[in-house]
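In this document, chain identifiers A, B, C, D and E correspond to the written order of the chains, with residue numbering beginning at 1 in each.
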Amino acid sequence: MQARAGDSKAAVLMLRMVLGAVLVFMAAPILIVVANSFNSSQFNVWPPAGFTLDWYHKALTMPQFQRGFVNSVIAGVLSTLVVLAVGTPLAYAIVRIKFRGKSLLQGVLLGPLVVPRIAMGFSLFVLYLASGSGLYGSMSGIVLGHALLMLPFVVSVLVANLGEVDPIVEEAARDLGAGAVEAFVRVVLPQIRPGLIVAGLLAFITSFDEVETTIFLVKPVVNTLPIEMYLYLDQYQDPTLAALSTLLIALSMLLVLVGLMFAKRGSLRFLLGGRGA
Amino acid sequence: ATRISQFIWTGAQEPVPRKLAEAYMKAHPDVTIELTAGTNAAMYPKIKASLDISANDPLVNFGFFNLDASAKGRTANVFAPLDKTAVPNVENILDAYRQPDDIGAIFCMDVCGLVYNTDKIKEPPKSWNDLFDPKYKGKVALFDYYWAGNGLVALAKLNGGSEDNIEPGMKIYADAAAAGQFHSLYTSNAQLQQLLVSGEVWIAPYFRGVALPWAAGGAPIGYSVPTEGQVTFPEGFQLVRGGSAEQTRISQEIINLSLAPEAVLDYCKTASVLPLMKNVTLPADLAKDPAVQPEALKSAINLDYAKMAANHTAWSDQWNKRVKVNL
Amino acid sequence: MTGGKALGTFRSFYVPAMLVGPATLIVLIPFIASLVVLGVYSVGFYPGGAGFDLGVWKTFLSDSYSWTVIFTSIRLAVIVTFFCLLIGYPVACALVRLDSMLMSIIAYTVIFSPLLMSVVVRSYGWLLLLSDSGFLNSLLGAWPLNLGPYRLIYNEIGVIIALVHILLPFAVLPLITVLLQQPQQLREAAADLGASPFAIFWKVTFPLSLPGVIVAAEIVFALAVSAFVTPAVLGGGRVLNLSRLVYENIGNIEWGLAAVQALILLIAAVGVLLILERFNRRTFGEKS
Amino acid sequence: MASYETGDVVLTAVEKCFGDSSVVKGIDLTIRKGEFFSLLGPSGCGKTTTLRMIAGLEEPTSGSISIRGERMNGVPINKRPTNLVFQKLALFPHLNVWDNVAFGLKLKRVPEAEIRTRVGEMLDMVRLSGFESRSIASLSGGQQQRVAIARAVVNKPAVLLLDEPLGALDLKLQTHLQEELRRIQRELAMTFVYVTHNQTEAMAMSDRIGVMNAGQLEQVGAAADLYLRPQTEFVAGFVGQTNLIGGKVTAIGETTISIEAFGLTFDAVRRSAVETGQAVTFSLRPEQIRIAQAGGAGIQLPLVDATFFGATATYRLQVPGGTIVAQTQGDLQMLAPGQTVSVSWPPEAVVLLTGGQS
Amino acid sequence: MASYETGDVVLTAVEKCFGDSSVVKGIDLTIRKGEFFSLLGPSGCGKTTTLRMIAGLEEPTSGSISIRGERMNGVPINKRPTNLVFQKLALFPHLNVWDNVAFGLKLKRVPEAEIRTRVGEMLDMVRLSGFESRSIASLSGGQQQRVAIARAVVNKPAVLLLDEPLGALDLKLQTHLQEELRRIQRELAMTFVYVTHNQTEAMAMSDRIGVMNAGQLEQVGAAADLYLRPQTEFVAGFVGQTNLIGGKVTAIGETTISIEAFGLTFDAVRRSAVETGQAVTFSLRPEQIRIAQAGGAGIQLPLVDATFFGATATYRLQVPGGTIVAQTQGDLQMLAPGQTVSVSWPPEAVVLLTGGQS
């Protein structure tokens, strides 16, 4: 633990304890699922009846999971990129510029977070069909739908982050000859790196986990992994999905590891950057 | 080239239609069949909405539906009648299940009985009333949602009510809920399996077709046929309105092929359902199953899904207010 | 200093338009359009609908049961938000102080893994942990406590536990970013002026992190109020919220009713969120 | 008023309000090409605001600003031929020292090799060679200030705006950088607008100085002008220390006039039109007052207080109704408070103030 | 060395490293109770770091710090009887001016009424009455600095640490606040540790001054000590301007010695033991050099350069192998560069430097 100014030993200890307790809370049901993924029984008997890797074999070889994974990665990456690309300028406008209709815009922005996902899915489905745009059942349709669901996250996180960046450094960049966009890219963006990473992460995970809206937007060719999992579960109740979930967790662990290596120093703080500590 | 979109159910229901579609495409290279696997619950609203928007461009041309969705679709004018000459095999459907105007070919069914944990309940339950037996207090689970429809009506019928008067059934559920009889309501197969296997829940009404594979896999789960009769759950093909003439023709051709005895038998075996065809006989091992004995099937409770579809909203509203609120 | 006009030319109409434009075009317009769809459907204008009719609104709003459901939805979301912040804040504080590679990886993956598995699969874990004969109850029931068993699952408690579990990462992440951005100097200054670690927290760290807290609250609240799978799976049928009704009614092809319920949920939730926003602006309006 | 031919930076009736508080209240000013112009004024008088308006960081509420004959209102910041050394530094926290300084050059796509030499030279000048890859947060206050100077100067803009650039530096570094800035300015014929609160610095470096007070320019002139011939009490009092004394004209001679103040009568050079009996305020600089052992020529005054400043020392002397301050230099032995000393000053040291009271 | 009886703040062999660069290199220092002690030194020499260690914001790498006889190592910041005026201000952006200043008092649960009077008085002192509810971001640089001073001083700590607190203020405000700080310090018998790069300020205000260089204390003493009797070249050069001249002792007399430098021979007071022929460095302050029209008594030297500073002026004079600087004051007419002038200085003005070269 890296202490920060004004930390008391007792407080740091307490924080550690809270973190420990919360990690236990977070991990407990997950660990059971992970353990169950090696359960040789096909009907989830507890304690596990024996050890097997069959479910992993199944999870890895079923073509719909392979295709779903690829689709999910494509949808996740694309929609994250889209939403960051349109959300960042939007957040910037909200923080730095006075314009008419801003409060209205902020109100509308919260919307996609709250409308029940399934209602969002239904009305988007109606729109896609009614507009004759061919978006229904296409990857673009999924990306657009996911971008819509994620925009509020991304904008809220970025707004909070941009608020912490002193506008004066932007002035300095402008004064040194940077155009408005250049100043933003060279000076503001690097400073909101933690916000961008976090927003991107939230966006990607939302997309990777989305079922309720997506199910209205997909055709089989573009089924995402969670949709395939949902459909599988409707019919089979063996531990294959536990194995698949475990694989996803392991994969994300690997990604964090790579991220941390990339960030050179070994902590979340370094991965995210930031100037406080 | 013609594109046909066919809706099928996922899982065990998938292989046979896929096999047939492939065979058809091989024989007719100019036809592409696009199979969409899914559930009625997710697919039916999409089909209905898409027809509302563009009546001549249905999301799927034909597909597999349960009688509940069939009845809804019939009232909502989603499905088209089958042409007897194009689908001669409809004639082989048991008369009781032949649809008026041949809107749909309901050719098989699942049945619903009592599913229980064999470790906790040694003596197989015998009656629907066991669900309300105080000795199972807190150990009974019900399916949320559908059960609001068919379980309700079935119980009403057993207690002197009918599709037009569900009050007798509703009252029993409401009282049992208030008395703490029910452990919980489940919403998916997986959940019920988990509840039963863990011993949290001992007994629940559910589909034979779902429970048998669990038991076959070694789970401590049994299926028993209530003496009052199982509740039937017929399923089959529906032709969706709005397709082109060519699409309609091909769709009916495929439906007809799917209704051939070998195809039906194949389907019933893989999906653990019962055929409703005059010209199909079950293989010996299956025929021994008490659930499929002629007497059992004769006493089975058949529900009027058309009436149920009409009342669905009102009932589910009552169910929410009288049963769920009191759980 | 507020950047007087680093944004000099930005005063014009075009610049806000350029910044807001892309988002509006590809995201907000579809969203607003889908709201219009819901709105139109809710008053009976849909193919096969009866034409203009406020009946669905009237019936739904005049039913006291509807109000119970609305309040349940909001109450549940408020409770979940409260716990997520209560737990999430110290967790975020602890996470920004983590300096070991191993701990970071563990903490990070553990906190995120719930999002990577389907709720039905996760509920199996909860079942084993929280059921009447589950781990926790056997622990409590063992000597010397001999407590319980307590009903911790298939009711509102279960839903709250599961929602906090799944939504915690959404609370932690925004908090981490604001905590990382806080200049250390300010905490030093407070300590120097005699503030105990406790006082530093309440007078400097916390007020400065409020924008992040509010963002976290908004996100968690919104997700909790519109969640339906988790309440359905872990509520055991005992937890009725508005999203669940919307789900049922779409399945029942009750477009009008589903639209009304979705819109009411939207209105209620936006109302709560606007209160949060107002609070945010009041606290930090002066700053920029 | 504004002569556009010679004016490099011309402000015409420039005003600036924040909300409803008026911060700059109508400034007319012409700064010549290649001139070293200083803005001098007390804290909060509007110096930074004025500079920021020239740089384009703040839009004037009214009035116009032009640079090299081109009207600047509405011209974007990055299109102006100016660079600013920010009072609050505004260094880029995510970049190291080198990248901070190279920022402007990289934007202009100056060739890599040239960037290397120019940034290197500049860091040498501000004595930060060896700090290239240090993060901004790890620098001391003065080091940060030097980075801020280097970052602006390295671009060699036509007009360089400096907002108290040497405030955090010690005298040696100040002197060094003053010389360097002066040299660069002359070599490149740049126009400097230099904000400072340090009049010694302003006087040492500037071609001309504008003294600001409460949002207005009180007097513009060369250092000696302001110091020796201040027009207002404010300027007299602000530009260097002074004794402001109220008195009455008692007699008018050929080249001198007689003034009575605190019960004494003494001569002053006759500079502007005055009448006998007129009440006047005049300024008498402390360093003009000579102090000798009691009994010498001059007025005998009691010594109240003595402070040693190193090169100089100040003495507070009792006069009827108050004290006046005298400053001496090079004293190796200080006079002790309490004793009476002989005090004298040349008549030219008495400067009548003509401008308004302020 | 450290006398604990009289020492209020005692540093013993204090060192501080950041990573592997050593920033403070072993400081021994005893600051007395009620003393106004200044730390003077060039930018980056470790002044801020030293102050931060006393305040507890930085833990010494080795060595110990005690305040009022109590060892402070490990004592949390908020438990130390110190308050710091931060060089980088560190004002709370989420609080307005009033709440920033009242912060410490509220924490101590001072009664509401007393907070009102004390904060009010303090804002008065720093001349910010009327700014109570202004946000920090809307203040000018100098105004922010004054808030930072008020925020620390209002707490009346036993030891007040000030890190260049007046750097952004104009001379008038500086003088005012110097006086006020001095008054408060005397009235409350507080100990002040004052960091500044401004030697005039240090000399005017301090009881004693410590001159730091590259992480070490070079000399500690009263203002006049340091100025008139610097021990090292660094101190001589840093505390005020000086001419450092290398020469050779040619003869040793009763009270004076003769020194030869740049081809000239002149007398100096005999203070420390020297031998004939010894090479020495001595310091000659510019203000000790008297300049008169050519032909007067003294050495005749050509005048290279002249700068007007208001109260004073400096002249650069040509000597064989370099230039020396002279400072005069109160010149109403400057001498023009190019001419030759008569230059002289008293023998006492030549100070032999005894300490190490640096």
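What we mean here is this: contacts are C-beta pairs under 8 Å (C-beta built on N, C-alpha and C of every residue); 3 or more make two chains touch, one makes a residue touch a chain.
Bear in mind the structure is a predicted one, so any value in this text is a computation, not a measurement.
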Least step count from subunit A to subunit D, where 1 means the two chains touch: 1
Contact-graph separation of subunit B and subunit D, given in steps at minimum: 2
Inter-copy rotation, subunit D to subunit E, in degrees (Cα atoms; steps of 5): 180
Subunit B and subunit E, separation of their C-alpha mean positions in angstrom: 92
Distance between chain centroids, defined by C-alpha means - subunit B, subunit C (Å): 37
Where subunit A and subunit E are represented by their mean Cα positions, the distance between them in whole Å: 56
Contacts with 2+ other chains: residues of subunit C: 1-4, 6, 9, 120-121, 124, 128, 183, 188, 190-191, 195-197, 200, 204, 250, 284, 287-288
Subunit B: positions in contact with at least two other chains: 45, 49, 53, 188, 190, 194, 198
Contacts with two or more other chains, residues of subunit D listed in rising order: 56-57, 76-77, 88
List of subunit B residues in touch with subunit A within their complex: 9-13, 34-39, 42, 45-46, 49-50, 53-54, 188-190, 193-194, 197-198, 214, 217-219, 221
List of subunit E residues in touch with subunit D within their complex: 18, 41-44, 48, 87-88, 138-143, 145-146, 163-164, 167-173, 197-200, 203-204, 223-224, 227-228, 237-241, 285-288, 307-312, 327-330, 332, 346, 348-349
Residues of subunit C defined as touching subunit B within the complex: 46-48, 65, 68, 120-121, 123-124, 127-128, 131-133, 154, 232-233, 236-238, 240, 245, 248-255, 257
Of all residues in subunit C, those that touch subunit A in their complex: 1-4, 6-7, 9-10, 13, 15-16, 18-20, 22-23, 26-28, 30-35, 37-38, 41, 87, 90-91, 93-118, 120-122, 124-126, 128-129, 165, 168-170, 173-174, 176-184, 187-188, 190-191, 195-198, 200-201, 204-205, 211-212, 214-215, 218-219, 222-223, 225-226, 228-229, 242-243, 246-247, 250, 258-259, 262, 265-266, 269-270, 273-274, 277, 284, 287-288
Contact footprint of subunit C on subunit A as seen in their complex: 1-8, 11-12, 14-16, 18-19, 22-23, 25-33, 36, 44, 46, 82-83, 85-87, 89-90, 92-93, 95-97, 99, 105-120, 122-124, 126-127, 144, 147-148, 151-153, 155-157, 159-161, 163-165, 167-168, 170-171, 174, 180, 183, 194-195, 198, 201-202, 205, 208-209, 211-212, 226, 229-230, 233, 241-242, 245, 248-249, 252-253, 256-257, 260, 266-269, 271-277
